[in-house]
Structures are given as C-alpha cells and as structure tokens.
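The letters A, B and C name the chains in turn, as written, and every chain counts its residues from 1.
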Amino acid sequence: MNAQEELNTTEVVRGSLKRRYAREKRFRLFGLAAITASLTFLAVLLITITARGLPAFKQTFIQLEVTLDSKTLGVGENPDTNELRRANYNGAIKKSLTTLFPDVKKRKDKKALYKLVSKGGQYDLQKRVMADPSLVGETLKVWLPVGDDTNSYIQGNIDSSLPEKKRRFKDNQILWVDQLTEDKQIQRRFNSTFFERGDSREPEMAGIKGSLFGSMLTLMVTLLLSFPVAVATAIYLEEFAPKNRWTDLIEVNINNLAAVPSIVFGLLGLAIFINFFNLPRSAPIVGGLVLSLMTLPTIIISARAALKSVPPSIRDAALGVGASKLQVVFHHVLPLAMPGILTGTIIGMAQALGETAPLLMIGMVAFIVDVPTSLTDPATVLPVQIYQWADLPEKGFVEKTSAAIMVLLAFLIVMNAAAVYLRRKFERKW
Amino acid sequence: MRTFNPEGHTAHAFDVELNDVKHKVMTMGGLVESMVHNGLEALLTMDEVIGLQVTEDDHKANQLELDIDEDCTRILARRQPAASDLRLVITIIKTITDLERIGDEAEKLGRIAVKLSNEPNTPVYYKDLHHLGEHVKVMLRDALDAFTRMDVEAAFHTAAKDEAIDTEYSNFSRLLITHMMENPANVSHALDVSWCARSLERIADHACNICEYVIYLVEGQDIRHSNLDEMRKKLL
Amino acid sequence: MNEEVNPLPSLEQDQTSEQTIEEIVASLGDTVGQPRVDDPKMSVSNVDVFYGKKQAIFGVDLDIANNEVVSMIGPSGCGKSTLLRCLNRMNDTIPICRVSGELTLDGEDIYSKDTDPVLLRARVGMVFQKPNPFPKSIYENVAYGPRLHGLNRNKADLDDIVVNSLKKAGIYNEVKNRLDESGTSLSGGQQQRLCIARTIACSPEVILMDEPCSALDPIATAKIEELIDELRENYAIAIVTHSMQQAARVSQRTAYFHLGKLVEVGDTDTIFTNPRHELTENYITGRFG
C-alpha cells in the first residue's frame, strides 16, 4: 500500500517534471531574448555614432606656399601687434591659391577656388605670424585646413557621378583637388582642432574644448557643493535626527525632489540665481548651482542607503568600547559607507554631466567661441554643444555631433569605471 | 509537593525514553518483589522447585539491571538531562543497584530453601521467619509503590518502618540464641536461619534506600544519613 | 543580533491571547532565590524597562559580584538581553526605550545625570553575539579603545596594552605574526576572542557578554568558555546565553527570566539540579511551552 503510494508520487512528479523544465527553459529564453534585444540596440547606437563620428577625428589639410609680403598683408614696415592682428591674411592665402592655379580668371571660378581653403585658415596664419613677427616678408609652406565641402569630397561623401548642378562640389573644384592630391599637397591628419578650439560657425574650425571646459567647471562646482551638503544631510538624517513626523516629511520631500523634472530646476535657477541674486548668465557657477540642486537628492538617497547598509554590529562594537555617537559615525560608519556614497556621487555626477534641460533655462545654450577660464565666464557644456550642433545643416557638423557624443560617452564610461574601481578598492568585508 | 508539566518534553522522544526506562525499573521491581515472596515461600514450605525458580529469576534481574544501566548511560550522553530529569536518571541508576542487591538476598533465601529441602529433618525455627518476612515484604511493596507514584509522604512513611524491622530482627536473633543454647545440636540450622533473617533485614534496608531516593528525586534533597523526622518536618 | 536589536522584542506567547502580559507576570509571583550578594560590583534594583508603551522588564533585582560569572537564561524575548544592554546603557541608542529603577556600579547610579555613558561603557565592556571586529587590522581593533580614552601615553604604551590584551584573551600566540592583517580575516572563534581582547584593552571592571558563542563551533565555544573562566579572576562578568549547558558550565550564579520577570536566581549548581520554581524547572528540563 505504502510502496504503491510512493510509486505513484514518483510517477506524478516525473510527469510534471517535463512541464517544469519546459517552463524554466522558456523563462531563460525570454531573458536571453531581452538581453540580446537591448544589446543589439546598444550596438546599433554605438556603431552608428562611431561610424558617423570617426571621420570628425581626422581633418584634411592643404599645403600652400604663402608669401607674407607686407603689401598683401596691408601692414607697414615694422608692424605692431595690433596691425598684425588686423592684417589681411586671407588675401595672402587667396594670392597663393591663384599662384597655384594661374589659369583661373573668372570671378565665379576664383570664388570656388578660394573655397578650397577653410575660412579659418587665416587664423592659423595669424597665430603663427603673431608668434613670430619676423615672418613678415618671408614665403612659407604651410598646411591649412580645407573647406567643409572639400573635406566632404575627400572623405568620399560627394558622389562625382551626379550632375554638377545637383552637388555642392563643382567639377572644376574636383579637378583642382585631384591635381593637388596627385602633387601630395593634400593630406589627412589627426584633427587636433577638435580638441583645441571652441565652437565656430565653420564646421572644420569647430572644437569641443570650450564645452568640455564648461562641463568640467560646472561639474566641479556641482561636486564641491552637493557632495559635502548631501553627505552631511544623509549622516544627520540617518544617524542623529529623531524619527518623527518632521524627519518623515523631509524624507518624503527628498525622495520627491529626485523625481522632479530637471527643467523645473532650470526655472528655479533662472528665477533665484540669475534674477534674484544677479549672477551672470551662461556661467558655470550658475550651471553648477542648478545641477547641485538636481544631484543633491540622488546623492542623499544613495548615501543614506550606504549608511544604512553598514551592519549595526559595527556600531554596537564601537559604542561598546566607549566611542561617542560622533566618533562611531566618523571612525567607523562613514568609512565603511564611503564606497557606496562615492558610487552614488559619481552616478549623480554622471547624470549632471549629461543634463541639458536646466542649463538651457539659464542661458548656457549661447554660441560661445572662447574657452571659459573662470566660473563666471560665459560657457556651454558638452550635451548643450551636441544639441546645438545637431541643429546645424552642414555635413561637418553632423560628424562633429557624433564625435562630441563619443567624447561624452567616453567621459561617462570613465566616470562609471571610476565608481566601480572606487567601490572595489574601498569595499571591506565584515 | 511539586507538580510536573503534564505536557512533557518538547522533544517527545526524550519522554518516550524516560518512560521506557521507568517502566523497566518497575518491571524489575515487580520481579524482585516476587523473588522475595517466592524465596520466603520456599523457605517456609521447604519447596525445592520454588527455591530453584528464585535462583533463575536472579539472572533475569541481573540482566534487567544491565539493560537499565545502559539505557541510563545513553540518556545521560544524548539528552544531558537537567534538574528533575537528571535526578530521575540518577535515582534510577541507584535504585536498580539496590533492587539487584535485594534480588541477590532473595536468591540466598532460595538457595538455603533448596539446601534444606534435601535434608531429612529440619527444626521448626524457619516458621518463625514468617513474621519478619511479611513485614519486609510489605515494606518492599510500599517502597516500590512510593517510587511508582513519586509519593514523598509514602516514602517517608515506609522509610520509618525500617526501625521497626530492625527491632524485629534483633528480637528474632535473641530468640535464635536461646534456641541454640537449648539445643546445641541444631546450631548449624540456627545459623542458616540467622543468615536468612539477616538477608531479610538487608532487604528492608535496601527498600529504605529506595524510599530515600524517591524523596531526593521529588524534593531534590538528599536525606541520607540525616534525621528522618526532622527532614520530614522540613519538607512536608 | 536578530531579535535582540529589534526595539520591540516580541513578548507574545500563546497564553497572551487570553491574559495580558502584566497579568501573567503578576501570576509569576516574587523572585525565587537570593538576588543579592555581599559585595556587589553592579546592582540592579526594582528595574522596569519600557519600549514605548510595552513593558519589557518587570521589577528586576539582581547583583553582579566581582570574580563571579552571572548567567542569564530564559526563552527568547524574556528580557535578558534587554537587561544586559541596560547595564552599560547601550539601550540609550533606542529612542523609545525607557528605564526606571536603580542600576548602580560601585554604588553610583549609572543612569544619573552625572554619569557619562561613554565613560560608563569604558568601565562596563561588552562582547556581542556576532563577532564584530572592525574591518581594520588586528592591532587597530585592540588599540581603538585605549586610544579613544587616551589610556596610553605613547606608542610603546599602546603596544603593551595591545599585546597584553591579546594575551589575556588567549589569542596572542595565534596572531602575533600578523597584527597588521585585517581582523575580519580571522576565523569566527578568533574574531570573538579578538573582540574580547578589544573589550579588555579598555581595562573595564565589568564585562557583559551577549550570547558570545552562539555563532561559534563547539571547539571555539570551549575556548571562549575557558577564557571566561580565566577572566573571572579579574572582572565581574554577566553573560546572556541560550545554551543552558553553557550557563551551567561557566557561571557561578544563574538567573532565569520569563516574560521580562526574574523568576529565579541562585547558585548555578542548585538551579541545574534542583530549581525551585516550576517555570525554571520546565525551561531547564526542556519542557517549555
């Protein structure tokens, strides 16, 4: 009887085994499918951005023999700095181009010819001459960046089989460039301009240095403001504050703040920091203040979680040997919670780094060429720069946009890696 | 009087083990009681068969003692009893030693009965053992009852009887001496009878010990070698 | 720490469905046995402890004497740990905990306004259920207390204190070559002895132990018990334990708690062979509930 029952149970279980395994397998497949899908999206995103952005890290240069006689430049015999700054370097470049292709006579063709060299080329020249005024009167061989269309053509983005009217790069330009390429007077090099210059209306002269510095200054302000305030808040709330209705209210509000749309913080910043305190517009200090407001709840919440996760036995141990409450917190609890707090902070910082909306409200969206050097200089930040470039039609800016996104992503990855590293390094087992 | 938790131990198996060993002790007590009864009967009726029966039963009693000892050792090792449980186990270990001795004494009675049954003419002194024997039997039965019911009152009452039996024994000894002086030819028989009386007196002593163990088991007070009446006033 | 840290230890037993705890406690009657000793180091008189509205300890009297181990036993939630934590005011950290009655150390009220809990905890050390060394080096673990209280004048002093404490805790030989390794790298038993060394390093007068062996294997437990017996020479010790055998082995006096009431207290020998209260008997023989 008993044996029979047992046999039955075994059979029943065995019968259901198949279904159980099938269900388990199905669930695993779903999970796998979900991961594959998200990885695919990520891969597509990364590949598109990389494919679009990579060319921006290279720039085409044209070699010209430029005669810097004082007549062409329109300066006196012994020009002072001011004169040199205002000198007609563009004329010198144009002259060297016409010397290179003496057959070009028509006004329209000449214009096309001049377009081969970037308008920014003259600034390179200006910089060199101003650094060394003795160059006036000399003839030098210089590498100058090519114009946007030329760049596109050399990158193979312009289909020469199309009818001339349908493309921006005309037949004669193709002829000239092909000839120059044959003479090895056209070269592609690493695009240092991208990292060395601020924004520009010319895609080949535009760089991210300005926005990168803007981002760094803003983040510095954010970090210096939000980290100490958030950690102090978290410690007070977690370790010292009495648990009553007021602290509950504060806690609810902090959690709510974390969910407030960031644009609201932008409006708040505009109303308070700029309109009320009269801080300068577009300045990293205001950006940093606004982003601190936004990051504070994130760091507070993660710091509280980190403090909470410190085992009570450690507190007991410290109290048991006669440490005061403050000593318990600063000697034991805080060091143990630090990895968690740092991780939270870095994640908050990464969030702030990628934030655009609130900064638009406080005017960090302006076109700013100069690299900011102080907290009150007008500046813009990386994500805003990307937003601006994404709006522009030139082919060069499309590349630049992707390249800037790549730089931003690289920063985010570095910050997150730092978070992981810090956590591993300071994590202690108990 | 203490009351014990009727719900028993949380570990039910422990209850089963304790009850088991208690039951064995009672079986052994019953066996020993019947041995004393039979030994006395054999002696009084000179019945060889009953006498041999007692000798045989002694082996059973010895075997039971070994069994119970082993059980107790196992309980001590595995359950680490405390308080009343500890006292119970200790009491059982001691009680069975006394029971085994009682068995030995009963066996002596049986042996002498067997020896007597093979002799032609025996004097009537043996009949005089009847009185003492009945007293001892009652006392042993009361002691075992007190143990079974964990009855301190009864234990005190029974232990007090020991004195009366001692008196009875010394009276009987005096009577024997008179017999021996009157009839020196029967001295060897008189000595045998004296041995029997001695055994009976010892049985009463062992029964008294058992009563003392019962008091220790229930009250946790060791009353050996102290004044019974005083202890009784103190505890009851 | 589980139920001990929980500010509201569950006092519910089956019986409470009909009676309130107060009624049951009242039915337990007076404490059986002698809670007082001739020359108490610490003395607890008529102490009640409340967690919010719930009463966790009901009018407990108990003395802790020098050179003696007092063990406190009883079922979970009987208040033994609560009382232990009152003895060095560890319950101060629980805001809803309220203590009334008198607790004295050398005759001085430890709950008076003049008593600093930090100083008190240096005099009344505590060893916890779970070995809880700081995640720092072995040396730092032991040196923390003395450094905190400024017990050492210089580094050499501190070294002496550390070595002596480790020796007293019977762990020095096992760790002398790796004082700079993390305290958490030791085995459970070693960690607990390290915690005892850490407590000793503050040169306390009383050591409280809250189930110090419950997380340890039998061999480590035996070592700790041996250590407790040695420490008795110099300190007054109170130990809370769930293991009755342990209480029987290490303590000279035993106190049995039930639902926050001290039911019976007396010599360990007597409690374990002949307890006088029925509840003690039932608990000790495993007939509880």
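In the analysis below, a residue touches a chain if its C-beta (ideal position, glycine included) is under 8 Å from a C-beta of that chain, and two chains touch if they have at least 3 such contacts.
These numbers come from a predicted model, not from an experiment.
A.B. asks: Give the identifier of the chain nearest to the protein's overall CA centre, each chain being represented by its own CA mean.
C.D. replies: C
A.B. asks: Across the interfaces A-C and B-C, which one involves more C-beta pairs in contact?
C.D. replies: Most C-beta pairs in contact, of the two: A-C.
A.B. asks: For subunit A and subunit B, what's the span in angstrom between their mean Cα positions?
C.D. replies: Centre separation, subunit A to subunit B: 101 Å.
A.B. asks: Indicate the whole-number Å distance between the mean C-alpha point of subunit A and the mean C-alpha point of subunit C.
C.D. replies: Spacing between the chain centres: roughly 59 Å.
A.B. asks: CA centre of subunit B versus CA centre of subunit C: separation in Å?
C.D. replies: The computed centroid separation for subunit B versus subunit C comes out at 50 Å.
A.B. asks: Which subunit A residues sit where two or more other chains touch them?
C.D. replies: Residues: none.
A.B. asks: Taking the touch rule as given, give the residues of subunit B at its contact with subunit C in the complex, in rising order.
C.D. replies: Within the complex, subunit B contacts subunit C at residues 2-3, 5, 7-11, 14, 80-87, 220-221.
A.B. asks: Over in the complex, which subunit A residues touch subunit C? Could you list them?
C.D. replies: Against subunit C, subunit A makes touches at 242-243, 311-324, 327, 331-332, 336, 428-430.
A.B. asks: If we count contacts the way the header does, which residues on subunit C are in touch with subunit B in the complex?
C.D. replies: 244-245, 248, 272-275, 278, 280-282, 284-289
A.B. asks: Once bound in the complex, which stretches of subunit C touch subunit A?
C.D. replies: Residues 1, 5, 88, 90, 93, 95, 118-122, 125-128, 130, 132-135, 144-145, 148-149, 182, 184, 195, 198-199, 201-202 of subunit C touch subunit A in their complex.
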